[in-house]
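In the two complexes below, chain A is the common chain; its partner is chain B in one and chain C in the other.
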Partner chain A sequence: MDDSMKRLLQRLIRRIPAQMLKTTLDKWGRLTAAQKRSMDFTEPKWALTEKLMAIYEENGWTGKHITELEMTYIIDNPNQGMWYAFQLMDPEDDAHSVELTHFKEHFKSHLSELVRPVSIKIKKHTDEAVWIRIAWGDSFSRPNHLKPTYVVHHLQTPYVFVTSLTSKQKPLLSQALVLSTRHQAIKDANLSGRKLGAIRDLLMRQYQQVFPTNYPSPLAERNETVSNPQIEKEQVKCAENRLQMACEAFGDGVLPQLQSSVYKLETKFKDHSNKTMTEREQPFRCVVKFASTNLLESLRHCASSGIASTPVTPLLSSIPLKGRNYFVITDNGPGPSSQTRQTQN
Partner chain B sequence: MSLLKPFSKLPALNTANILLVESEEQFQQSLADSLVEETSVTVNVRLAKSLPLPVKNEESRPRIDLVVFIINLTSELSFQSAEASLKYLDPGYFLGKVCFMVTNARNASVPTERLDAVRKLAASLHCPLLFAEDQTPGGVTNATERLLTMLKVAAGLVPMATALYLSHLTRCTVPPDIDQPSFD
Partner chain C sequence: RLLVSAGVLGHLSRLEVQVRSRKSRPQPQGSRVAELKANAEALRTQAEQLRAEMETHKNLQKLRTSMDRRRTREEDGEEGMDEDSEDSELLRLMARHTQLNDLLYAHHIIGGYNATKTRQGKGLCLSLPTAYDGVFLETYNLEIDVKPALRIARHNIPPFIPLSSLVEQSSMQTDIRTFLDTLSQHLNAFSGRKQQLKLVKELHKSVEVMESNALCSILVLMFTVPKEKTAVLCTLDYTDHTRCLPTRVQFDSEDEALADSPDWNKNRSLLTETPVHKALLAMRKMGNIV
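And then the complex of A and B:
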């Protein structure tokens, strides 16, 4: 038992990059001042690991402390691995008054009833987010601390963000969440990404939005790059309109850093020059993926520079509007089905 | 159809007006900044994404002496937009007052057919075809100098030279074996 905890500590130290080790340990706050002074952070990692193992023995730490350290590290550096967003549906009457202690008790008890043994750690972060770390065990083995699941939930919102969850664990977690937040169902929000902050900002609309207005003067004023009177732009109005529509669709200023968007098409093949494919009855399946370092920024630029036609097509504008980046598109029935497309779950 | 006409307005003293048409609206800005720095002549630059130009600017627009179509060879859209804009020019412009400027010709991802198509277009209209490098300040300066040479002639500011005469010397020609496969 002690051995596995030691191994856990070793793996954790190896995982934390050298430059973050000092700050993480300070934030964790379990080292005494003397111990902190004795740690020389210019030494190589293996030397630091050995020192920390010695301090582990000295202070009598347990697994709880190590998982606490891991959680501290992950909370500060959440952008590792893929985060998936879920949405809670059909709130009951008292869903809006669920507060922290109530949520904690109920979540722990519900999840322990479903899975035994399980190790749950809940912590409230300063920005109103509740972080949950779950190490799953089953009837044959102890909780596996090497592959924990992290869950982030903002109380009183219907959004939950999860990372490292297997398909076996998913129904158990869903059940526990639904019961402890007083909702009736949970569904996949079809939004995933590496940056937790970005998908959270997108889903909760925490970026600057632009609303249709008759007097778009703020944006027009910001577009004053041409100050020389000898240079004159002919089509200023068109450019302004495009910029306004692009910003209405995607937002203004700095946008959440979404990295990809996937469209799964199950539509009939339409190309008049290719008769054999067009005559097939079954839908043509293909997947289109857009990837970028900042996808929303690129799409906004496409719309404002005229590469994508404005008004912005709903295929692109539903990424920020509906807060999702995975779409399944099917034909909407017979007739001019190339015009009518429907997104469905 | 609102055609842009070359001689329907009076010229101004010691002034030359140039219209830069570019679908992407990138290179035209740096070219414009560089063109207005010319001191011997007052250069007015008008920027557009495509033709036709908006009717409401008709009154305030001066007589355009030279129309330059900037085509980015890496984009098919750029070429198609320039081609589509050609029909909004009065035929009088094609007597030496239109020029094609092409960027990114050295880029490996450009299909050879596109450059050939631009060449054929320029040759069929008897217009010069210039190649420019838009990423460096040196390239922008170079392109500016060449445009200024043509602009001064087209505006009538160079004695003994007219735009039609210059275009006979500078117009793009297509080698007779352009449709043969090359040895790439």
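And then the complex of A and C:
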């Protein structure tokens, strides 16, 4: 086995936490029963790596197998690094009938035309998500398997989720995606997060949304424990209204886990007690960032407990409504961000 | 409550007086005048509505107090009055109110589009329930801005339903009913196809689902023929997204003659005409698949 493959396998095994190794190998399904038995998962990592390298030689595996194993691991544990959402725009007439084989063939051929050499692996996951792993090479070097890009797309939806993409690679990937999904353009959806499932659920509206209705809503039946009956009687209508408005803005039940929301302000400074700043011609640039382990839950709680005034301000309710967590606000009002964010390098 | 209405009415009357007095003065600009006239008209209608509401409240209050007074007099042992027309009037009103509420609730239960006014009349929220085979499935919602033109503000319709093109095609602005009916068709068909897929997975474990998509418009199944154990790949294309049945059924097998055999022609028409989970049941009974 050549050195680069050895290093790749070593790095991969090192990356997979000990407790996940057994399940990942089982899911991958390439070890024989005897080989599985020979692996003692109580041994230290380095011993397991040695064993796997021996099995690698024994089975005559190639780099393809290692990348396959890596993909199996990432699909099950996608929450590593930042995921960015993109949206495909202006579908052609036949965009809604693009099916898997068509997409796979076209994506592979378009991307290979744009980048050579490139290593592309496409796998359809059980929940209708198409996973793509791309190792980029160029005219001077072979595909770099140590820094692959992962792309997730659900066919017939306009959303694409990407991680580990450099700004150089972005236009190439965009082109390949646009052509193979039969759309005319792709744009940054201004939504990012560490949890793939959360940003996907937010965009695909896979959480419990609440709409105003004349009929008794389940919210009304969910009363919090009454501590003091006197206080409860006075406050109950207000609290119910706040809860209803908070849930209408953010949703009910478990909400997708976003970690942050960023507002980039480019507005004129307005404070009459500070003449120097107010008299400046240029807008005052400032970035406001809200961060939390579960941002949407925190904001909903702010609204329902009265910390944030209700009805919820559109600055906050736009996060779930528009499915984005990056906003640029100018004096003309919050609008689509004219600048795209920097993708990581 | 009467005091509050009086306060609002008083304000409205003052505004009305203002508008009338402004009429006698020279007009500044035509468009501003028209705008103010329209506002005055709207306020006048609102004032009418509020006056009517206030009258109804006053009457109800009168009827209620007289009924209560009568009841307390009866309890105190005084001679009860004869059947008073006012009492039965009130009771009739209450009965009618309950009846209307029940009718609305019945409409809600059988799956009507419930329209709820929101944001003091500036918005309208509609619900679109879906059902298949007598079972209620997902309910989808639309929140619509009413002014200045009808516009969808918020919804929980999945992204693979082409909402914006439906809005254009059905000219939602002029004919919201057609738009809702078409949208409901798409949503019900999608729910139906999704439900069929779920039933296939639950009831037919011997059939393998090779491919499906979020819109449930493509389904690829793997059958096994008993005895020879040949594999047959079945592709169901649901190109008409307003229907729950496929438009095209195709069989692929190593045994090239299989697809044209009379048994499998029958299977093909079965799959085109009956929901897939029921068709599979029939095919298993006939012994065509495992």
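Keep in mind that, in the parts below, the second predicted complex is superposed on the first by the 320 of 345 C-alpha atoms of A that agree within 3 Å, B and C clash if a C-alpha of one lies under 4 Å from a C-alpha of the other, contacts with A are read in each partner's own complex, and residues count from 1 in each chain.
As a working rule, contacts are C-beta pairs under 8 Å (C-beta built on N, C-alpha and C of every residue); 3 or more make two chains touch, one makes a residue touch a chain.
Source: prediction; values computed, not measured.
By the touch criterion defined above, A:150 reaches neither chain B nor chain C.
Using the contact criterion defined above for the overlaid structures, shared-chain residue A:239 touches chain B, although it does not reach chain C.
Of the two partner chains placed by superposition, A:131 touches none, neither chain B nor chain C.
More residues of chain A are touched by C (comparison of chain B with chain C). Once the two complexes are overlaid on the shared chain, A:84 sits clear of chain B and of chain C alike.
Of the two partner chains placed by superposition, only chain C is touched by A:321; chain B is not. In the superposition on chain A, A:100 makes contact with chain C only, not with chain B. Of the two partner chains placed around the shared chain by superposition, neither chain B nor chain C is touched by A:250.
Shared-chain residue A:211: touches chain C; no touch with chain B. Every residue of chain B that touches chain A in the complex is listed here, in rising order: 19, 23-25, 29, 32-33, 36, 42-50, 53-54, 57, 61, 77. Chain A makes touch with chain C in their complex at residues 96-97, 99-100, 124, 128, 154-159, 203-205, 209, 211-215, 321.
Touching chain A in their complex are the following residues of chain C: 104-105, 108, 114, 116, 118, 125, 127, 141, 143, 154, 156-160, 162, 211-215, 217-218, 239. Contacts from chain A toward chain B in the complex involve residues 225-226, 228, 230-235, 237-239, 305-307.
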